[in-house]
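The following pair of complexes shares a single chain, subunit A, combined with subunit B in the former and subunit C in the latter.
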Partner chain A sequence: MSADFLYGIEVIINGLMAGVLYALVALGFVLIFKASGIFNFAQGVMALFSALTLVGIMEGQVPFAHLINAIFGTSIHHFGWTVPAVLAIILTIGVMVIFAWMVQKFLFRHLVGQPHIILFMATIGLAYFLEGVGDLMWGSSIKRLELGLPQGGSLAIENLTSGLGGDDFYGFFIDKLDIVATIVAILLVILLVAFSQFTKYGRAMRAVADDHQAALSVGISLNFIWVLVWSLAGFVALVAGVMWGAKSGVQFSLSLIALKALPVLMLGGFTSIPGAIVGGLIIGVGEKLFEYLVGPMVGGATENWFAYVLALVFLIFRPQGLLGERIIERV
Partner chain B sequence: MDQNAENSTDAMLQVNNIEVIYNHVILVLKGVSLNVTKGGITALLGGNGAGKTTTLKAISNLLHSERGEVTKGSITYRGEAIEDMDPETLVKKGVIQVMEGRHCFEHLTVEENLMTGAYTRNDGRGAVQADLDMVYSYFPRLKERRKSQAGYTSGGEQQMCAMGRALMARPETILLDEPSMGLAPQLVEEIFEIVKSLNEKESVSFLLAEQNTNVALRYAHHGYILESGRVVMDGPAAELRENPDVKEFYLGMAEEGRKSYRDVRSYRRRKRWLA
Partner chain C sequence: MLYRESGDFKTSYKADNQTFPIAFDRYRYWVVLAVAYLVIPFVITDYWANAILVPFLIYSIAAIGLNILAGYCGQVSLGTGGFMAVGAYTCYKLMTAFPDVNILLHIVLSGGVTALVGAAFGLPSLRIKGFYLAVATLAAQFFLVWLFNKVPWFFNYSASGQISAPEREFLGIAVTGPNTSAWASYLVCLVFVTICAIIARNLTRGSLGRQWMSIRDMDIAAEIIGVNPLRAKLSAFAISSFFIGISGALFFAVYLGAIEVGEAFGINKSLLVLFMVIIGGLGSIFGSFAGAAFLVCLPVILKLIGVDLLGWPTDLVAHLQLVLIGFLIMFFLIKEPHGLAQLWNVIKEKLRLWPFPH
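Take a look at the complex of A and B:
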C-alpha cells in the first residue's frame, strides 16, 4: 500500500474521532429539541459551565471568590482541599440537575405556549447569563482538566501499523484521548438509547416529544419531563465539556463548539439521536478529508467553513436532515 | 339545575354551574351543571361549538395549557374539589380523559402507547401486565398491531389505542370525547359496544361527549344536551330519545317524516332552546 493512501486512512480515522466530539455536543441539542421543541442555544455554554464546575470542584476553588473578596475585603480563593475526580463528577452532575430545575422553574414554565422564536431567544439570553455566571463563579482563566485520561499519540498503534506502508510511512498517529472519547461517546449513546427505549421515564419522554396534550391527559407531568430532559442534556454537556476540556484546556472559547454542532444537526436531523452521531461523523471525516485533499489547493483553513457549506447543501436538498423524523401522514 | 340536587347522592362527579373563559375574554361555558353517576354512562350531546369538549377539559384540567380557565362554579369528584388539581393528580384519583381526535403518540408503538397510560401507577409490573392483557382482551385488534407505530394504524385502531391507553391507568371514570369522530358506522357500533361492556364488566363510569346523538342515546343511561355553553335539557336517555324536540333537532326525525336539511336549518333558527 502506498504511503499516501495510508495517510488518507489516517485522516479518515482522525476525522471520525473528531466527529465523535461534534456528535456529543449535537446530542444535547437533539435531546432538548425533541422533547420540548426548544432549540437550546445555550448547549455549548452548558458544556463550558459544567467543565468549569468540574475543574473548580476538583481543585477546591471557592465559588464566587472574586465577588466575595470584593465585598468583604477578604482574599480567599481555595478551600485548601482537592476532590477526587469521581466525587467531583457526581457533584457536577448534581449542579447540572439543579441548573435544569432552575431553567424550568424560572424560565420556561413562564413561556409555555409561546412561539418557538421566543423560546429560542430565551435560550440565547440563557447562554449569555450562564457564561457570566460561570465567569463570576470560577474566574476566567484557562484551566487544565486533569482527570488522568491518557493523552498523546498511541505508540502501540503506531508501531503496530508502521509495517503497512513503505519507508515513508511511520504508522497511524492516533491520539489516545480521541480513543477514550470515542468509547465514552459510544457508551453514552447506548445508555441514552436504552434509557429512552426501555424505561418508563424514557417512554414518557418520547410521549411528550410526540404530543404534549396527550401526555398531560395520561398524567405525565410536563414539568418533570422537561427537568429530566434538561438534566440529561446537562449530563451530555458535561461529557462533551470534559472531552474538549481535556483536549484543549477549559476556556471560554469552549462555548463556541456549539456553533460546530449546528451543521451536524442540519446534516443529521434535529430530532434524531442516531442522526446526531452520523452527522457528527460525516462532518468530522468530511472536513479532515477535505482539508487533506483539497486544502493545499486553496490555501488551507478549509476546516473553518467546510461544515457550514455542507450543511447549506443539505438544507437545500434534504431539509429534515439525513435521519430526521419522518412526518407520519396516513393516506 | 335543581332536579340534579336530588340525585346528587349517587353522583360521583359533580359539575356545578361552571363558567369557562378562554384567553381572558372568550366566554365558552355559561353555567354548566351536570352529574355523572357511579357506574353509569352519561352522555353530553350537542352540536359543534356547544361546549362539550370544553366541559370535559374543564373537568380533566387540560384547559390550562390552552389558556382557558374556570372562572365560576365548582367541580367535585367524590365530594372533593378538583378544579385546581393538575391532570396528573386527577389521573391518580381515577379520572382520565380520552381526547377528541385520538391523540395517540404517533412515533411510539401501540404497546408503548398503552404502557404510557400506566405512567402514574406504582403497583408493580405484574398488575400492569395483567391490565395490558385485559386491554388486549377488549381490543384484540390492538394485540395484532402491538408492534406497529401508532401513527400508521387506522382511525378505528387509534381510537381503540387511545381508549386502551386510558384504561391502563385503571380509571374509575373515563371522559370520552367524540369516540365516533371520523369512523365508519360499523366501527362506531363496535366502539360503543366496548364502552358498554367496559361499563358493565369493569364498572368504569363514562362521561361521553358525542355529536352522534342517535348512537350515544342508545348506549347512555342519562343525557345532557348542551347548546352555546348551556345545558338546555337533561334526562334519562330513554326519555330524551322520545322527546319530540330532540327527535327533530338531533335525531333528524320530524313528525311528518324526514325534512330536507335546509328546512331544518331555517326552522331551527326560529325556534331556539330556552332562548
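Take a look at the complex of A and C:
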C-alpha cells in the first residue's frame, strides 16, 4: 500500500474521531428537539458552561468572584480547596439539573404554544445569557481541564502500523484522547438508548416526543419530562464539554465548535439519534478529507464552512435529512 | 393629549392608507427629519458620531434589511454578517478599481451585488423552512467570511489581509478615509437611511410586501391563493440583502475605514442584527430603528454606568452586557413578541383615548 493512501486512511480515521465529538454535541440537540420541539441553539454554550463549572468547582473558585470583588472591593478568588474530579462531576450535573429546571420554569413555560421559530430565537437569547453568566461566574480566561485523561498520540498504534506502507509511512497518528472520546460517546449512546427503551421515564419521554396531547392524557407530566430532557441534554453537554475542553482548553471557542453540530443535525435529521451519529461521522470525515484533498488548493481552513455547505447542498435534495421523519405539511 | 383624532377625518382611500394616519405623527415625522438634517449636523461631535449616531444609522439599515426577510417574509437568516461583508468588500473593490466614480454610486452598487449573492443563498429557502433555513444561512455566514479571508484578490493582496477605505470625496467634501469630519459621515449615513426606510416602508405595504406577509403567515395557503413562492422568497432575500449590503458598505467605508473580515463580520454580527430585529419588533420598520438604537446605546450606557461611574473593570461590564442582552431577548419574546414597536403602539393607543379610556 502506498503511503499516500495510508495517510488518506489516517485522515479518515481522525475524521471519524472528530465526527464522534460532533455527534456528541448533536445528541443533546436531538434529545431536546424530540421531546419539546425546541431547537436549542444554546447547546454549545451549555457545553461551555458545564465545562467551566466543572473546572471552577474542581479548582475551588468562588463563583461570581469577579463581580463580588468589583462591588465590595474585596479580592477573593478561591476557597482554597480542590475538589476531586468525581465529586466535581456530580456537583456539575447538579448545577445542570438546576439550570434545566430554571429554563423550564422561567422561560419555556411562558412560551408554550409559540411558533417554533420564536422558541428558536429564545434559545439564542438563552445562549447569550448563559455565556454571560458563565463568564461572570468563573471568569473568561482560558482554563485547563485536568481530569487525568490520556493526551497525545498513541505510540502503540503508531508502532503497530508503521510497517504497513514502506519507508515513507510512520504509522497512524491517533490522539489517545480521541479514542477515549469515542469510547465515552459509544457508552453514552448505549446508556441513552437503554434509558429511553427500558425505564419508566425513558418511555414517558418517548411518549412525549410522539404526541404531547396523548402523553398528557395518560397522565405524563409534560413539565417533568421537559426538565428531565433538559437535564439529560445538560449531561450530554457536560460530556461533550469535557471532551472538547480536555482537547483544546475550556474557552469561548468551545461554543463555536458546537455550532458545527447544527449541520450534523441537518444532515442526519433533527429527530433521529442514529441520524445524529451518522451525520456526525459523515461531517467529520467529509471535512477532514476535503481539507486534506482540496484544502491546500484553496488556501486551507475549509473546515470553517465545509460542514455547513455540505448540509446545505444535502438539504436541497432531502429536506428532512438522512434519517429524519418526513415533513408533511397541511393547510 | 397629543394623539387627538377629533377632526382628523379621512375622506379618501389614500388618506386612510397612509403611513402616518394620525396628523400628529405626520408633523412629528417632519420634525424628526428636520432635526436630523438641519440641527444635528451642526452640533455633532466626534464622540457622538462614532459611538452612537453613525453606528445607529448603519445598523438601522441592516435591521430594516433583516426585518424584511425575517419579519415580513418569515425567513430567519443568520447570514447577515456574511452579507454585510459582501457589501463591504464589493465597495472596497469598486473604490479601488474605479477611483473616479462617485463613492455613493459604489455604495449603491455594493448593495446590488449583495442582492445577487443573497438571492443565490436564498435559493434553498424554496426547499427548506424555519430553523432548517436558519442553519442553512450559517453556510453563507461562514463561507463568505472564509472567502474574503482566504482569496487575496478580495483584499488586493495586502499583507495584513485587512482592507482600508481610500479617501473619496463627494462635492469636494471627504466622506471616506481618515480626514472625514463627523458631520459628513453622519449625513451620508442619514441620507441612505432615509431613502432605505422610505423604500422599505412602501415596499412592505405594496403588493410585494403583502406577498411576503402571506408567505410568512402560511406559505402553502399563500401558494394556493396565487402567490408565487419563488418570486416572493427570492425577492425578499434579494431586497433584504440589498439593504444589508448597503449597510455593510457604509460600515466599512464610512464608519470604520479599515476592517478585518472575521472580526467585523463574524457570526456575532449576524446575531446582533437579529437581536435588533427581535427587540425592535418583527415586521415593523419603526421597530428596526428602535432595536438598532437600543442595542447601540446599551453598551454605551452600560459602559458609562459600569466603567466610568462605578469603576468596574471593562471585561466585567462586557459580561454583564451579554447577560443583559440575553435576558432582554428572552423577556421580549415572552412578554412582547412584537418588540419595542408594539410597546410604542400600545402607548399610542392609550394616549389616543386618554384620559377617558372607555
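Quick note on the criterion: the second predicted complex is superposed on the first by the 325 of 331 C-alpha atoms of A that agree within 3 Å, B and C clash if a C-alpha of one lies under 4 Å from a C-alpha of the other, contacts with A are read in each partner's own complex, and residues count from 1 in each chain.
One rule holds for everything that comes next: a contact is a pair of C-beta atoms (placed from the backbone, for glycine too) under 8 Å apart; a residue touches a chain by one contact, two chains touch by 3 or more.
Just so you know, these numbers come straight off a predicted model, no measurement behind them.
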Combined model on subunit A where subunit B meets subunit C, clash or fit: fit
Touched partner set for A:L67, first subunit B, second subunit C, both or neither: second
Partner chain(s) touched by A:V309 [first = subunit B, second = subunit C, both, neither]: second
Partner chain(s) touched by A:I98 [first = subunit B, second = subunit C, both, neither]: neither
Partner chain in contact with A:I9 - subunit B first, subunit C second, else both or neither: neither
Touching partner for A:L187 - first (subunit B), second (subunit C), both, neither: neither
Most subunit A residues touched (candidates subunit B, subunit C): C
First (subunit B), second (subunit C), both or neither touched by A:L111: second
Arrangement angle, subunit B at one end, subunit C at the other, subunit A at the vertex (C-alpha, nearest 10°): 90
First (subunit B), second (subunit C), both or neither touched by A:D135: second
Gap in Å between nearest CA atoms once subunit C and subunit B share a frame through chain A: 16
Subunit C-contacting residues of subunit A that also contact subunit B: 330
Residue ranges of subunit B touching subunit A (in the complex, touch as defined): 60, 62, 65, 67, 86-88, 90-92, 96-99, 103-108, 112, 115-117, 119-120, 149, 151-152, 154, 162, 165-166, 169
Contact set on subunit A toward subunit B in their complex: 112-113, 200, 203-204, 206-207, 209-221, 325, 328, 330
Complex contact set, residues of subunit A against subunit C: 39, 66-67, 70, 107, 110-111, 114, 116-118, 120-122, 124-133, 135-136, 140, 256, 259, 262-263, 265-266, 270, 298-302, 304-305, 308-309, 311-312, 315-316, 319, 329-331
Footprint of subunit A on subunit C - complex, ascending: 74, 76, 123-124, 127-128, 130-132, 134-136, 138-139, 141-143, 145-146, 149-151, 218, 220-221, 224, 267, 271, 274-275, 278, 310, 312-313, 315-316, 319-330, 333-334, 337
